[in-house]
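Multiple structures are listed underneath, in structure tokens.
In what comes next, subunit A is part of two complexes: it sits with subunit B in the first one and with subunit C in the second one.
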Partner chain A sequence: MRAETWRLLAGVLVALALVLPLVPLAIWSGAHGWRYPDLLPQQWSGKAWTLALSDRGGVVESLGLTLTIAIATTALAALVGVPAGRALGLYDFRGKRLILLLLLAPAILPGIALVLGLHDLFLRLGLVGTTGGVILAHLVPVLPYMTLVMAAVFAGFDTRIEAQARSLGAGPLRTFATVTLPVILPGLLTGALFAFLVSWSQYLLTLAIGGGRVQTLPLVLYSYAAAGRNDVAGAIALIYILPGLAILLFTASRVTGRGFGAVLRP
Partner chain B sequence: MRLELQGLRLAYPGAGLATISDLDLVAEKGSLTALLGPSGSGKTTVMKLIAGHLSPDAGDIRLGDRSLLGLPPEKRRVAMVFQDPLLFPHLTLAGNVGFGLRLRGLPPARIAADVEAMLARVQLAGLGDRRPHQLSGGQQQRAALARALVLRPDLLLLDEPSVGVDPLSRRSPALTRASATRCAA
Partner chain C sequence: MTDRTRILLLLGPALVLVGGMVLSALGLALLRSLHLFPVVAPDLSAYATVLGSPGFLASLALSVWIATVSTALAAALALALALLLRRGFPGRGMVAVLVQLNLTVPHVVGAIGLLYLVSQSGAFARLAHAAGLIARPGEFPALTHDPYAIGIILTYIWKEVPFITLILLAKLQTLGEGHEQVARSLGATRWQAFRHVLLPQLAPALAAASALVFAFAFGAYEIPLILGAHAPEALPVAAWRAFTDVDLTRRPQAFAISVLVAGLGIALLLLYARLTLPQRGRHAG
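Up next, the complex of A and B:
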């Protein structure tokens, strides 16, 4: 077979792997009851989508909350992760190895241990049950990730380019905005996209720290599923995967250096 | 403008001996001064001190009738061209050369005209829309020179000005007609 054919085949396989799990969700969201042996539902209905998109369903409100939390977490992670990553990537200092090890801790520790420890701490600080508390909790897995990505970016950064900008008349803030930021932007964007996704997909942390009062999409999704409303859960799940899908396509188009359309056409 | 270094001294942290010790130097207005020395002798270090990217442990740096000590690099009116071109990769050639002019808030038409004239002086006319990676090594070096020259600084510091600049363009008017005091290494 020619290389072209192989590439087409690989593209189709990847697309199938992506789309297949979505098929039952899509069917559920439009089904009016769907019993086991049936390959397809006997009856179709739009009531799951109507409920999901109405005020009554709480999904739209939850979507806004989940977005707010993910964006705030990402912004805070960038605010701390850029200077921290810069220090780690550019300079050698005592204790650097220890810090790098600690940064990996949330990835190594079992999630449930992390959640229990955090819950205890946040309870004492009066942060349990608040959106702010949930954002701070999301920073625990997100910030190390952002910091490590930025450390890698700055490890390949030549600070003389900043000295050059200063010599041409740019103050420190101007230099950051017009030289440093554009140069690190691709790396920062990658870190931010994944930070967003990590926050977006948190379930356990949100449940524990939010104390049931901060209802993000995965929590709402789970409560509908637990209540046996697979149709509404299917609709929410489809909404829930949208950002991930969008980011995947965006990243793919950046990696291959082609537009969205070119990615969709294998 | 007259440049004067008085008893300049610098030791890099951690390094035992001072890299620069008791350096005195006078460069008159409009003159060209060359710093010669073997690799690692401290030529780049002296320029970084004058440009303000390093602070001396002792001594004074005077340009005209003022001391440069305590002034940040962007307030010294000293343009330094580094050993490597260090072009800003996210800007075009014209964007690079116009960088300092934009910071001064000049009208865009004026900036475009100055950039155009400067590009012609360093034999890069017509390449303004190129990205740095689309230029040859020597072209990049001349672009870095143009980016500093266009600002008409009081003092122009050129670190290894002949690296990557071919013999023909080394004799180009840009290098011989600038009115500033120049230090080259």
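Up next, the complex of A and C:
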């Protein structure tokens, strides 16, 4: 066989493996009972979707809460992370390595290493069990991420265009809004979308700091799966992956392989 | 305004937030594990209990096993996939999109999907029954809640192969094919060009990505929660159980585990920094 045929075959296998775990979730979400050893459900029904999309299931409420937390976390991270990224991208200074190390720590330290100590800290601050506490805690993985993406953006930024705007009489705010922002916007947008996903995917951090009272989508998903409601779990899982799908389709057109490398997390 | 003041103003809020939370968390875990906070006589009894308990050692061994096997297999498969995607073939674009798509799927979804796929009453077991290979669910090999943590490892491989692949593809794009072509024109075989020219250039990126994956697979909670056996539990599940135990004397033990995991994490952090951050005084790529 020709090399290209082998590659095609390998490609088909990889594509299949990448999609495979999502298939039973989709089948379960439409199943009216799916008993072993039936290959496919004997009866289909929309009851899992009806429950998931009704007020009773707690899913809609949880979806709103998860969105609120992810959007608030991303906005705060942008507010604090853009200036920090500017400092790291434009300047060389003593202690920069140490700061980079500190920013990399939340991405590399295993979750369980930080979560118990954070719970203790937030308990002392009276923030355990509050949505605000969860947002603040999500900044631990999200803010460093945003900062490092913005540092990469600012590393390729030419400050002379700002100086020109200033010399032509623009104030600092106007210079930022009309000169700086348009240049960094594509990077900021990509960074923000993936920062959103980092918050969106948090599990243990939300469980610990939320103290069981802040029920985001992954926690509700696990509750239904643990209770044996595979059909509702399937429906929630499909709802849960939608934003990622949308973000991917939105960024795929603008993010090339090179740019993607800067925004990756396991 | 001097540069120094400006840098301090720009960086200050981020450093206070991240540094404040990360260092307090690590510090509090250390103090609590030593019975130092609230002030009691400091002692190492939590560490003695944890390190002397067969349950902890079994959990530690399990988590090391999960992280090592997941990382090794994911790195090898990702290297193969990156090399595959570098070449053209029909459907290459489709596979590339699926690789990126997988990256956006939260781990908890992958774990539950895999549970419904490979458990003893899952989709594969049904296929095996239809093919006449098994009569009852119990005859299907236990791939979830099993002592070898196969389901957990499969989930990590499923999630982390795309992650490492995309990092390698980004690196391959910056490297280009020039060096390999020179090697080939000087008489190197394709294997030699890969082994002695391309692989050494990819190695730092591959090692850095692998360090991230190892740390993640070692310390993540929800995947072993969903797919793991009752005993031994993966270390993060065991630590969380000790932390939330009604018996409050187990809390210092939970903190001791988290401090030990943090120690490993800091070692991986320093390794990662060595591999990716430019060294002072010399130029690194």
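As a working rule, the second predicted complex is superposed on the first by the 233 of 266 C-alpha atoms of A that agree within 3 Å, B and C clash if a C-alpha of one lies under 4 Å from a C-alpha of the other, contacts with A are read in each partner's own complex, and residues count from 1 in each chain.
Note that a residue touches a chain if its C-beta (ideal position, glycine included) is under 8 Å from a C-beta of that chain, and two chains touch if they have at least 3 such contacts.
Since the structure is predicted, the reported quantities are computational estimates derived from the model, not experimental observations.
Using the contact criterion defined above for the overlaid structures, shared-chain residue A:155 touches neither subunit B nor subunit C, since it reaches no partner. Between subunit B and subunit C, more residues of subunit A are touched by C.
Of the two partner chains, neither subunit B nor subunit C is touched by A:177. Of the two partner chains placed around the shared chain by superposition, subunit B is the only one that A:167 touches, whereas subunit C remains out of contact. Those residues of subunit A whose C-beta lies close enough to touch subunit B in the complex are 158, 160-161, 163-172, 174, 178-179, 182-183, 185. The touching residues of subunit C, when paired with subunit A in their complex, are 3-4, 6-7, 9-11, 13-15, 17-19, 21-22, 24-29, 32, 81, 84, 87-92, 94-95, 97-110, 112-117, 121-123, 125-127, 129-130, 137, 155, 158-160, 162-163, 166-167, 169-171, 173-174, 211-213, 215-216, 218-222, 225-226, 235-236, 239-240, 243, 254-255, 257-259, 261-262, 264-266, 268-270, 272-273, 277, 280. Those residues of subunit B that touch subunit A in the complex are listed here as 48, 51-53, 72-74, 78-80, 82, 84, 86, 88-90, 99-100, 103-104, 147-148, 151. The touching residues of subunit A, counted against subunit C in their complex, run 4, 7-8, 10-12, 14-15, 17-25, 27-28, 36-39, 80-81, 83-84, 86-88, 91, 93, 97, 99-121, 136-137, 139-140, 143-144, 147, 197, 200-201, 203-204, 207, 218, 221-222, 225, 230, 233-234, 237, 240-241, 244-245, 247-248, 252, 257-258, 260-261, 264-266.
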